[in-house]
Structures are given as structure tokens and as C-alpha cells.
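Chain IDs A, B, C and D follow the sequence of writing; residue 1 opens each chain.
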Amino acid sequence: MPSVGKGLVIGHHQVSDDMYEIEFILPAMSAECEPGQFVHIMPDMDNGPLLRRPLSLYDVDKKSGSITLLYKVVGQGTRLLTRVRNKDYVDVMGPLGRGFSLPGVAQNVLLIGGGVGIAPLIYLARALKELGCNIKVLYGTGTRSELVVFDKLRQIGVEIMPATMDGTVGYKGLVTDLLADKVNPSEIDFIYTCGPEPMMAGVAQFAKQNGIPGEASLEEHMACGVGACLGCARKLKAEDQHYIKVCKDGPVFSFAEIDF
Amino acid sequence: MPSVGKGLVIGHHQVSDDMYEIEFILPAMSAECEPGQFVHIMPDMDNGPLLRRPLSLYDVDKKSGSITLLYKVVGQGTRLLTRVRNKDYVDVMGPLGRGFSLPGVAQNVLLIGGGVGIAPLIYLARALKELGCNIKVLYGTGTRSELVVFDKLRQIGVEIMPATMDGTVGYKGLVTDLLADKVNPSEIDFIYTCGPEPMMAGVAQFAKQNGIPGEASLEEHMACGVGACLGCARKLKAEDQHYIKVCKDGPVFSFAEIDF
Amino acid sequence: MNKGLINPGELVDISVNLGGVKMKNPVAVASGTFGYGREYEDFINLSSIGAIIVKGTTLEVRNGNKPPRVAETPAGMLNAIGLENPGIDKFLTEYLPYLNQKGATVIANIAGNTIEEYAAIASRIESCQGIAAIEMNISCPNVKQGGLQFGTNPETVMRVVAAVKSETSLPVIPKLSPNVTDIVEIAKAAEAGGADALAMINTLLGMAVDIKKRQPVLGNIFGGLSGPAIKPVALRMIYQVYKEVKLPILGGGGIMNYQDALEFIMVGATAVSIGTGNFVNPHIAGDVAQGIQQYMEENHIKNINELVGIAVK
Amino acid sequence: MNKGLINPGELVDISVNLGGVKMKNPVAVASGTFGYGREYEDFINLSSIGAIIVKGTTLEVRNGNKPPRVAETPAGMLNAIGLENPGIDKFLTEYLPYLNQKGATVIANIAGNTIEEYAAIASRIESCQGIAAIEMNISCPNVKQGGLQFGTNPETVMRVVAAVKSETSLPVIPKLSPNVTDIVEIAKAAEAGGADALAMINTLLGMAVDIKKRQPVLGNIFGGLSGPAIKPVALRMIYQVYKEVKLPILGGGGIMNYQDALEFIMVGATAVSIGTGNFVNPHIAGDVAQGIQQYMEENHIKNINELVGIAVK
């Protein structure tokens, strides 16, 4: 059951030029968190922007009751969030939305993240690992310094294939090119992806062409985060009449549901 | 000449339950500061309230180029200001307004402050001391812990007579009662006062009755702080047609000009 | 506040009667910001809310506007949902029973393209149990009047209110659009039409521009501005109407805490509604009701009606 | 922004012609927020500002409203100055010469109780040098029409604009009140009266309540809401008018930086005005003009007119 509460910040640090990791304690909320869900956070309780900001669950430790988020500074809200200090409290609502579906039996899964879109895939990787899955992660960014989650991924114990646009590490080019070049479709049972829409579109196309099922996590501007305001509407397929709500019906949807 | 600039904060600490002292470096502005003038400060450059907040010059060190303010937390703006840290920059406009008039020759002066109204009297005391004046300060607050400026006053070297409502230190009661009880009007050449209006009214009455000239520093809600918006209007005497502007014509006015 | 005088045993009455709607406390949640209640069930006890005004409902199902539908603005937000809703019948059969079962006080919010549509929805509601009142959203474009809003023409306001009144025995609460020259004239027209109370204000019409894309942010170009930004306008309009019109007022626009709610009550609102505030704090309705109660206890105000309109000169 | 493509040598033209007023850049400071210029001389070079629109001036001296006159609101402020000013003659003889000597581009802002008063002020101005245009504040209560604002009645708007036009050879810029049902109708009336450009928007009518004192904050009860809170409403109205009326628009309402100014330009403003922003940043007019210029350089826009109305569909 989702809730709203104040999380005690126990860690907050910059991990790249414009990305931060923030960890806070909220045991009741932490206990409910599933990979692919998100929290709705107030960057500042007294001031700053009116609305909450949606951020994916990046990592969750149910034992310690903590939740970790990975965020990129893009505007007023995320800029304010950077000012939060250890021992401050952050006001958080969650977990919200429908997360990734997890396989019933151990499978060969491929996780494809682009930029800060890698965030939800970390907690997902942790869950898949516990299910005994064989996990490969393709992770694309602009340059080496933006590849921020290596430690987490290594700790979880997955195979990582980085791609950088400038080739400073790993494959030189788009992560979708890496996918086409280096991944043998027959070795993959399921694909999960999160990142820029063109990237996810490419991944979904690859998956469909090769008959591999999979899921993607979408973004849309949100007000309520719980399906009440009907603000985060989106048509999954061009011919749809009905608009789904990313916050409630998603943010995760199967490739079969979406036409990018 | 007033200016607007960013001051580097070199000291910021809580001095009582709800009062803080903040010191910042702004040499060009500091060089222009006269006692009784004020600065117009933005509590937060990115967020927070729309308008600047007027705060009196509490202390100025032209040698080091610093300006110090003493403020009481009363609302959103001052609450936000408390968050500013050492090495942050604060956005300040000033010095603004017409300050206290200083005597041409050394005199016996009486300074009467109530609560945070003591702020402008400190820098004033420093200036008067340099002129060789003989300075007595009556300082009234609710209780001992609110008497926050003793160190500064002692360092300047003035005679202090505190009054607290609960009698925890000094005279027990209103500072105006202390004035009536303990001050010999014939020993005073000039009175300066700042504090709650009823207090200043009492002081002005005492001064007029005893034929002592003096000045008071007024407050009014402000937008521009420079006489442009005509927002901080006030009639000095009930029969006046014209509204003066506290920011430009004041904040300091002579007892002769004002009917409280 | 007079902390020294608190007497926690003191009984204060915060229940109100809003033109025939009995509310256990004066705090309602506004239409379109609380879905059909269920969306917030994990965050607040639905039966504790003064009234839940459900999402605006039309005769037929509506799919709503193309996205983006929401955008943030300074101390406010724009929305252009476009009245997406499942239609009145589905609301009555699928959504209402849940709310009734939870013990919620439900106010329906209706909208139509023509006077006849408003009347038809009202008559469907009349045949059902479990609705405490009908709030009429008259800020929709009036098809017959070439798209000008119902709520901007006094004559039309009177007629559409009268038409709904004639179909229902429930209290009828027209919700006034603030996008008018003279709000008092509109309020008087609603009164003439037989309104039992007035809800005000709906959103101000606004827009935002994406300077990178060089186009409007919202898919619909224009949207409704809500949140703290509009509070001064809402207070002013309620003040004006309270002075001239006898009907009780459900006041709202930017309420984020109990102090804001008290401002509305002091300019003449008998009850208040919270919209955008729900998105920020999902149990705000309870917090505000509690804050009002505490304020009354601390200030020895036994009945909230003593505060209604107290700041109006 | 396309930092990689900056070519600092590239020449961009940010001068504009606002209905006959030649402005060296498209950024004016709004009436009532910049006094008579002198108040800000220490903070900004007065001759560098696109235009200085001076405080609203009436035929006779006015003392203004009783305090408090200003109050802060979420992302906005209320003012009820009450048109305090020294009267047109004193303005022309004592304040104008200073501005002219400083090389400022001056727009007078006039207000009256009757059409005759507006005309009389215009004719006094006509006899003087050093004023680039007349902005007409038509949001004042119209004595002859029982206190309803000039700016809310199309017929009156047309007549008062025509009356001023007949007295002056200067460009005439009526400043529209946003407190109306249909801003396009008012804009068309101003056009019919012979306006050379339109200024929009003036403040939204609002109020605030002091819940401790249980009374309105402002001495005048109501005041004008300005600042970022009203930006969405201002953009919407300018968008609507730009589509329907050919006159150039001086747009403003809540501009705090060059990005805000670009939003106004993209919905159809030829130039922009900054009011409340001056109180926050006393050299904002220069900063915004510079920001626009840099944006144009980075985006290879040679003439600012290429951007005017680019977001209007």
C-alpha cells in the first residue's frame, strides 16, 4: 500500500556532472517497493516548486528500510533537491504505479538503459538476480564520466556492456547499435528498457523483430501521481481512442502494448 | 551610491531562540553605509518569496568591507534566510534610505531599543562613539535570553541599561517605564529609538515633554525600497494630506515630524 | 495564536450546512483533483472528508484532450484535461457505489454542451441514491452559443441553473467561472435560476510557452490555472459576491493549508474546496479541517459560522 | 541552447518599432514600477532601457490610497497605490526634463476619471517635447459609468481612445485590463478608436486577508495582482489578441528573466514590459534585453520580428 511520509536522508552525493544519488530511510514505504515503481517527491517542503517530482526506485534495501534515487538535474525541482543535506527529511509519496513484471522462473534477461534511464533497472537487476536470472545490461551514455552505476551493477553481479557516444569506454555509438551488433537474440528471453524514447523505440523494434517479449518504462508530466488528475495521459498506439495514465496504468508497459 | 550585489557570507549564527546574525562581504556597499540605513535582501536567489526583505544595518566594518545584519525569524523570508550557509552568496541591494543624523559635536545621547529594534542602534552607537559621544543604551526585551547584543555594546564601550518583562535581568518591566523611572532628562541631549511602535510612541512623548530632540526608525511593508513603487506610504501626522515613503524619506524621522 | 488559552476539552462545531448539504467539516475536495475518491483511499479516510466532489461527468464518455495536459507555472499549474470521464451512467453504477460503501459525502460535478444535456444528467442522478448535491461546472464551452462559456453570460447561467433545478430535488451548486468582467452579475443570475449555493472559483484561463519548441506547452494550447497563484483573485471574487448575494459559498482556489482556508471563510465562504493541494499533500483535506478546529479551540470560537464573512466590510 | 554555434561577431537587430515608438531594444519598464526613472538611476543606465513608462499621471495631484498599499502573495504581489502622483503639469516641468537629459525613451502613462480628463492630459502632453508615446491606463474606475472600469466596456474604450487620439500626434497605446470576459472584444474596440499599439496586461484584481486581524490586508481592500503568478493569464490574452487584432502588442505580466520575455514575444508581443521584476532585480531590464540578444545570436535569428507570434497556431 502506498503512503506518504518523511524520509530521513542518510546519504546524498553527486555521482557525475549533473547526477546525484540520494538515500533515505522510510521502512514502511521501502517494504512495499517493487522494481519499476516510482516515488513522488517534494524537492523542498517549505518552498520551491508547487508539484511533486516523479523519480524511479533506483535501489531499495528492505532490511535497512531505505530507498535510493538516482536523479539528473534538469530544472528547478531537481536543482532544489541537490540542496538537501544528510539528516534532513524529504517528503515522499510512494511507491506508485505498476512496475516491471518478474519472470516465474529464472530466465536470460537483457536490461537496456540510456542515461539516467538506467535508474529503475538497478533495482530490477537486484530482484532478477534473486530469482536466479542470467542478466546482461547494455548501458549507453554520452561519455565515460556519465556511466555512474558500475559499482552497483558489479555488486549485484551482472554482465555489463557499456556504450558511449564518444567511445571513451565500451562500444562507440548508440546503445541500440550495440544491441544490433553484439547481442544474439536467440540467447535472450525477455528485455527491459528505460531511457530516451528514440532509444526505447529502437529496442522495442529489435524485440518485436526477434519475437522477444519485453517492457519499457515511460515518462509523462505528472501532477497527482495516483490516477486522480488524468494529467499524465498518453495514447499507447496511434489508433487508440483511450488515453492511458502513465502514473497508474504504468509507468511500465509491455512492448506489445506500445507503439513508439 | 547604493548598488546591488552578491555578498559572500562569512558568518551566520543563531543568537537567540528566533534571532540570527549574518555577516557578508561587499566592500563597495559597505563603504557607503550610514547608521540607520537599511539593505534590501533576497532570502534565496532561486526560490522563496518574490520580494526582497528590508533589514537594518546592524554593524558595518568598512575596513574588512563587511556588513552584518541581525534578524528575527517571523515568516517565510526570514525562515529561508536561516538556511544560508557560510561561503554562500546573498543578493543585497543597498544601502537604502535616510539614516540617523549624527551630531556635529560630542553629545550625551540616549539610545532606546526594543527587541530586534536594537539592530540599527548598534551601528549607530559605533558611529556616535567615534564622534566622542557619551552613550547610554536602554534595551528592552521579554526575557534575558533575548538580550542578544551585549557583546557588541560592551565592545563599543557604552553604558547599557537592560529591561526585561520578566525581570530576569535588569529593570523589570517596559523599557519606557525604565526611561521614566531612571533617566534624568536634563542629562540627555538627543534620543534615538527603534522598536515596536507603542514603545517608540512612549519614547517620543517623553522626549517632547522634556524638550529633547530625537529620531525614530519606522517600518512599513515595502516592494521596491527605493521610492519607485509608492508602496511604503505613511502619514507622519494624522492631519497630513501627503504620504511619505518610509524607504526613501526615512526610515528615520525626527520626533518633530511624527505623531505616533 | 493564543496558545495560553487552549482548552482541549472545549467543544467546537465545525459542521456546516452548505445550502442543504450537511458537511461534517467545512473542507471538500474539488472536482477533477480527487478522481472518484478511490485514487486517494490509501492516503486519507474518505468518510472523514467534508465532501468529495467527483470528477466532472458528462452525459456520454469523453476521452479528453491530447497531451501534454498539465504544466507547472509559478505557484500554480495549468491543466487541460478536457473533461475525460466515463459518462454519467458508468459513474453512477461503477464508481458511486464504492464511495457510498466507504461512507463518503459525495457531490456530483456535471458538465454539458447544451442546457438539455445538463438537465438530462441531473435527471439521471435524481433516480439514484447516495449523492448529496449537484455541482454544475458551467465553465465549459457552450456549443449553442458558438463556444462561449455558459458561465460568462448571465442569461444562460440563469437558464441552465433553472433547468437543472427543475430535474432534481438535490441542492444545486453552480460553479462560477472567474473569467468574467462582473462576477456579481453572474452570481445573481445563478441565484435567480434557483441555485442553493455557489462554488467559486474555477480555474483562470491561461497558457505557457515552451521556448525551446517555440510552441504552447499544452496540447490544447490553453488550460485552467489553479493553485496558490490564483488565491488573491478567488478571495476578491468571493468577497464581492458575499456582499451582494445571500447564497452560501463553497470557496476555493489555491488553498494549501488551514490558514488559507480561514482567509476564504473570513471573506464569506461557508465551506472550502481543495483542488491542486491534494496533489501536493494527499491528506490535506484532513489536515486543513483539523487546523480549522484547532484555530477555533484556541480562539474560543464555538461555531464556525461566527467566522464566515468576518473580514467583509 | 546551441552554445557551439555562437558567433559573437554576428549582428542581430533587437530594435523594434512599437506602433511608431522606436525602441532600441524590446524591453520597457512598466508604469508604476519605475517611478520617474530617477529612483533607479544608481542601478541601471536609464538611456539603455527600451522605454521607460513613467508612473500613471492624472490631471491633478493625487495623494493615493491609505496604507497598507502592498502585500506579497504566492509568486505575486498586490498593490493598491491609488495612482498617487504629482499631476501632469508637475510631471512635465519637474520630472520629464531629467529623463530627457539622461537620454531616456519616455512613454507617459495617463489616467482620468472621465473621457474629458484623458483628452485634457493628452493635449497638455502634446504641447511638450521629449515623450515618445502615450500609454493610457484604462483600468481606473469610470466616474460617469458608476465606477465600472473604462477598460471593461468596449464602447467606452473606443471613445476614450478616440478622444485621446484626437488630441495628440503621438502614438497612443491603451493598456488593457485583464479583468474582462472577452479581451479580444476590448482590443478590437481600442483598435477601432485608433490605437497605435496595445499594452497588456494590467493587474488582475485580487485581495488578501490578515487572519490574525480578521480583515483585508490592504487599506483599500482590493488591489492589483502582478508578478509571475499572472504570467499564464497574460500569455493567454496576448495569444488571443494577436490572432484577431493587427496592432503591435507591448506584452507583460510576471516577466522575471529573458526566457519569460521570449514566451511573450512568441505569443505575439513586439516588445515587453517589466513591472514587479524591477523590485527584485533593479537592472532586470538590461539583463533581459541582453538575454534576448544572446538567444538570438545563438539561434541565428537576425531580426527579433522573426520570433514575434511564432508559437501562435
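Heads up, the rule we're going with is that a residue touches a chain if its C-beta (ideal position, glycine included) is under 8 Å from a C-beta of that chain, and two chains touch if they have at least 3 such contacts.
The structure displayed is predicted, hence computed values, not measured ones.
Student: Within the chain touch network, how many edges lie on the shortest path between subunit B and subunit C?
Tutor: Each step joins two touching chains, and the minimum needed here is 2.
Student: Counting only C-alpha atoms to place each centre, which chain is farthest from subunit A?
Tutor: B
Student: Round to the nearest whole Å and give the separation of the Cα centres of subunit A and subunit D.
Tutor: 47
Student: Go ahead and note the Å separation of the Cα centroids belonging to subunit A and subunit B.
Tutor: Distance between chain centres, rounded to whole Å: 54 Å.
Student: Just curious, how far off is subunit D from subunit B if you go by their C-alpha centres, in Å?
Tutor: 36
Student: Would you pick out the residues of subunit D that each touch at least 2 other chains?
Tutor: Residue numbers touching two or more other chains: 75-76, 227-228.
Student: What topology does the chain touch graph have (line, ring, star, complete, other)?
Tutor: If you draw each chain as a dot and join those that touch, you get a single closed ring.
Student: Going by the touch definition at the top, which pairs of chains touch each other?
Tutor: A-B, A-C, B-D, C-D
Student: Any idea which subunit B residues touch subunit D in the complex?
Tutor: By the definition above, subunit B touches subunit D via 1-4, 42, 49-52, 93, 220-234, 241-243, 248.
Student: Subunit C touches which residues of subunit D in the complex?
Tutor: Touching subunit C: residues 73-76, 78, 148, 152, 179-182, 204-209, 211, 214-216, 221-223, 225, 227-233, 235-236, 239, 254, 259, 262-263, 266-267, 307, 310-311, 313 of subunit D.
Student: Going by the contact rule set out above, which residues of subunit B touch subunit A in the complex?
Tutor: Touch list, subunit B to subunit A: 44, 46-48, 76, 79-80.
Student: Could you pull out which subunit D residues touch subunit B in their complex?
Tutor: Going by the criterion above, the answer is residues 32-35, 39-40, 42-43, 55, 63-65, 67-72, 75-77, 79, 81, 84, 227-228, 276, 278-283.
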